[in-house]
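In what comes next, chain A is part of two complexes: it sits with chain B in the first one and with chain C in the second one.
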Partner chain A sequence: MRRIVVKPEVCMNCHLCEVWCVVAHSKSKDIIKAFLYEERKPLPRLIVEESRPESFALQCKHCDEPDCIFACISGALYKDEEGRVLHDESKCVACYSCIMACPYGAIKINPLTGKILKCDLCVDLGFPPCVEKCPNNALEYVEVEIGAEES
Partner chain B sequence: MRYDYVIIGNSAGGIGCIEAIRELDEASSVAIIAAEKYHAYSRALIPYYLDGKIELDKIYYRPPDFYEKMDVDAYLGVKAVGIDVSSREVLLENGGRIGFGKLLIATGGRPFIPPIEGLSGQKNVFTFLKLDDAIGVKEAISGAGSAIVLGGGIIGLMVAEVLRRKSIEVTVVELADRVLAPVVDATTSNLVQEKFAENGVKIILQNTITKVVGEEEVEKVILKDGSELPTDLLILAVGVRPNTEVAKNTPIKVNRGIVVNKHMETSVEGIYACGDCAEIYDFVFGANRVLPLWPTAYVGGRVAGFNMCGRRREYTYATSMNAMHFFDLYIVSAGLNVPNDSDEFEILCTLDERRRIYRKFALKDGQIAGFILAGRVDRAGILLKLMREGVNVSEFKDRLLKEDFGYVDLPEEIRWELLGDKVKLGVVYEYEHGGHGRAACEGRCEGHEA
Partner chain C sequence: MFSHLLPEFIVERRDDRCIRCRACERQCSFEVHRYDEELDRMFSDEKRCVGCQRCAVLCPTGALIVRPHPGEYRRNANWTGERIQDLKKQAETGGVVLTGSGNDKPYRIYWDHIVLNASQVTNPSIDPLREPMELRTFLGRKPDVLELRFNGGDYEDVEIATELHPNVMIETPIVFSAMSYGALSYQAFKALAMAASEYGTLFNTGEGGLPRELRKYGKNAIVQCASGRFGVDPEYLNCAAVIEIKIGQGAKPGIGGHLPGEKVTLPISVTRMIPEGTDALSPAPQHDIYSIEDLSMLIYALKEATNYEKPVSVKIAAVHNVAAIASGMVRAGADIIAIDGLRGGTGAAPKIIRDNVGIPIELALAAVDRRLREEGIRNKCSILVAGGFRCSADVVKAIALGADAVYIGTPALVAMGCTLCQKCYTGKCNWGICTQDPYLSRRLNPEIGAKRLVNLLRAWSLEIKEMLGGMGINAIESLRGNRDHLRGVGLEDWELEVLGIKGAGE
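Right, the complex of A and B next:
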């Protein structure tokens, strides 16, 4: 299992991680098409915490003991076999129990649907573009041991 | 039949327990017993079902093959009526017995039905706790023009909202001087009441139903103040009580709910309890109490499951926490519900009346003892985390009132202590070519030759 971590001291607050997150979740997966032509452009699934001069990107940590899943009243949030915390939008009822529960504040609200948005580690793409495209290498995709934490 | 692990109750608590057991132990035998006949469903979704926001297939909390995958024998539609603690057996209503090595009681809650004159099982009177209740109400509303909801708590208000959306004239009758009094403060109640008024729901406060009139069906209700209201439908939503029946006539200690320690174990060794039927330690309240909430039921079941398998775990961070919404007003409240004129707590709050955004914190010795967010609930979990960790917020308390409060608002030291190496890179890498280590990018980045 791997997790995205940040090096806040080198984050330049450029928000490119957000841009590439949008592209990664767009239909075309093309930066120009996604931003110019896609009617329902996706929203970034991560948060850039910023208060000048500090900034860092924050996304779901795919916890071993995921409070969001424990709080989810619909079963929309679940863990896959690899330990990733994923969201089945078709089951989400927008109760926001997960928003109340996530200690990182890493779950966002999609204003278009009212449902929630969270990092899926770009399961389909293999490697998260937010990390890959960070111009200053402020994000890292590191190996972590599953089951190392306890609640 | 005898199983290593038996669970009574097929809901949040029971499922939490099964999932924990199977994480640690694939071999032992497990059985689940439930009075309701349905595959594990979420009772918290019945308002959404009644509303038509979800179809029946989405009410199920776990996939259809859940019991098979978990290798669990499911006795559904089978009611437990008692426990023989010495022979270690669950006694079933159908006369059967199921033996257990370890037992979890997760029988949830049952509706409290207030004594009302004339109430005699009329067919247009409902409580609202089970899927069967929702199915019943769904049938009854076709053709109904009016409804009365007794009880202005979360469940009563959720039902009232849904009925209103079905173009039914809805009246909520609440005994207290405001709705949701046990869970939120007066300012928040006010916001909620305004929302209901705007949407055409009538709320009658400081009043209750003393009598109902009608044989087959209730035709009208008579309130404490003598006024009469005709109605097509009556929903009783005055409260939920711990369902502790199975523990009757056993040495299992029952207070308001079944008493458990931090391992979720009852006073009888090897017998555990969790969820709405139990009383657990609330770390803010500082004592045991009934916390009838989905997350506490699930985590309680999970902690019980670990302990049943011999992995010691404690449930130390339970407290009251509600995420709710009425029409388009979202609210999150957690911890203690403190009035704004409290002398015991330091109160910080801000209300944007126009946008109806409210943030309120009750502090004790510099720590958050309770908070309410209404109108905007983004990132509420950070506040719960601060509460759980007992962080002294004095230094940055004014920032808590920022609508977009985040980790960046915390002093650096506290921030990184809370976020830790799950967020921040903890390992020092050799910076070979001005970039990150090969491990992190698997050689995909340009600086790394394959």
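Right, the complex of A and C next:
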């Protein structure tokens, strides 16, 4: 399946992937409205790991055999037919078992709901905006086997 | 010391757009932007701003406007703001005012006073989209006469009987100027190499050597042998297409180079073959060249080292006696002479030198081409010109004035992101071009850089073809030295005389 691959050697730590992730998961999908006017400001579902000069964006790898799904006690995490690891918030009980199980540390806590936040590969938008908007092509959305990837 | 300097730029932040994403803060190496968590606001320290526009371009909501600061000294045609600021800088530092990039003073730009011809009625123009148009150029010494041998009675089987000198073929008469690894980031240097290789032209290593892993791009490289001899070894010379002896540079004629020790990182020290962290000092002269005879010795030493298989170029800054010097260079054995004009760029130079020394490339080129023709030795070398070429029309005009090809430095950097903020010498280039800071240099993805450079070469080449077609010429070779296609506008008699062109209407 197509996954997001990071190229840390050209990541310039601008965090614009984070910004566009927020916009993609906002109600209005408008950058200024999402950040300045929406009541429940959406949160980024990716993490920019930073230790200067190095940095890279980290999002869910959508593993073939996802530890988070095996760890999930309520069935909130599941794999769709494409292989994406998705999260059904209505079923989530905020036990954070997935956070402990994830080998990448790619799952975050949503401080507004107490539940979890993770990358959904922007299923509805067709193409993840974090990749599309990266000014230096430090993210790629490509067909890749998990395990074959360096990070 | 308390600074008396006025800020040069003002940063306007449109608060109705700022989303506090802090991209500006993370991108500014000069630390202009700052986020205050308590107030949830961004602040700017304008005194630090160099106007590179990185933040304005990266801001996802277009909230930032960076423009010249409206605060100014009392207007004075003699004591301009720049003069006053430079005086204050010197009073505060006691040092030479440094700068980067090319001469920004309003010397006459002759390209803007030369117009091109086009075909009307009496000769047909050519449509480059429908008919073949040749931009291919050969750099190197051409024979005095060309003898052909016809085998058999027919004219089908022809051989060139004359022994030809080594020549290098380029697909377009545009070559990347000498910019060293050390002055440039590895990423920028690699992008130039990749682009030259993809388009079929040349890049110039400058005087910083060629990293081993980039020697695969050697057949598209002009390798320099400069006064510091950095990175020169037999493999370096032999992997290249052309070897260039650097005598001078347009931005700083008569001045050497100085790469400060903090920029001499491990990979640069390996490439330059000097200890890590030591200053890389290029002496002002080549200490083994004090005469044309000495130059000839180095030219032939390099030819000997490369088995007479590569053209040797000699690069000088355009100065007063450039035509006589060029003649001497050709007689010394140079196959290519490269002339860098008054507006040539640099990574670092004393501002007083950059802005006051040298002559415009247009006049130097015309003088050299005429002198070599008069002496009957024009065929013995190719002329490469550099220094202030801004667009494809400048290239066409230069070729009509007698150049074989044109070096572009600043346009290539601009294509990769440079905004001519002239702060190259600080090593803090926010665009990742002129820096060795690993946090900054990664901003230039060599693949994107190379793509932009190839696009630039392609765009200029297409425009050159359009201009040639308009003149009714289908090969760049037919334009070379063809001054009939040029006319001067608003030039004095002596200028027309030096340029060897007629005034418009004549």
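Methods note: the second predicted complex is superposed on the first by the 144 of 151 C-alpha atoms of A that agree within 3 Å, B and C clash if a C-alpha of one lies under 4 Å from a C-alpha of the other, contacts with A are read in each partner's own complex, and residues count from 1 in each chain.
We take it that a residue touches a chain if its C-beta (ideal position, glycine included) is under 8 Å from a C-beta of that chain, and two chains touch if they have at least 3 such contacts.
This is a predicted model, so every value here is computed, not measured.
Looking at the overlay, does A:I47 come into contact with chain B only (first), chain C only (second), both, or neither?
So A:I47 only meets chain B here.
Of chain B and chain C, which one touches more residues of chain A?
More residues of chain A are touched by B.
Could you look at A:K29 and tell me whether it touches chain B, chain C, both or neither (first, second, both, neither)?
A:K29 sits against neither chain B nor chain C.
For A:C11, using the defined touch cut-off, is the partner it touches chain B, chain C, both, or neither? Pick first, second, both or neither.
Touch partner of A:C11: chain C, not chain B.
Tell me the contact category for A:D67 with respect to chain B and chain C: first, second, both or neither.
A:D67 contacts chain B only, not chain C.
Please indicate which partner A:W20 is in contact with in the superposed arrangement: first for chain B, second for chain C, both, or neither.
In the superposed model, A:W20 contacts chain C only, not chain B.
Determine, under the contact definition given at the top, whether A:N137 touches first (chain B), second (chain C), both, or neither.
Once the two structures are laid over each other on A, A:N137 reaches both partners.
Pick out the shared contact residues on chain A: the ones touching chain B in one complex and chain C in the other.
137
Enumerate the contact residues on chain C facing chain A in the complex.
16-17, 19-23, 26-27, 58, 60-61, 432, 437-439, 442-445, 447-448
What residues of chain A sit close enough to touch chain C in their complex?
9-16, 18-20, 31-32, 35-36, 52-53, 133, 135-138
What residues on chain A touch chain B, complex-wise?
3, 5-8, 47, 49-51, 54-56, 58, 61, 63, 67, 70-71, 73-75, 90-91, 93-105, 107-109, 127, 131-132, 137, 140-143, 150-151
Spell out the part of chain B that touches chain A in their complex, as residue ranges.
Listed in rising order, the residues are 16, 42, 44-45, 48, 53-54, 58, 60-62, 294-295, 298-299, 302, 313, 317, 321-325, 330, 332, 334, 377-382, 384-385, 388, 406-409, 412, 418-419, 421-427, 435-437, 439-442, 444-445.
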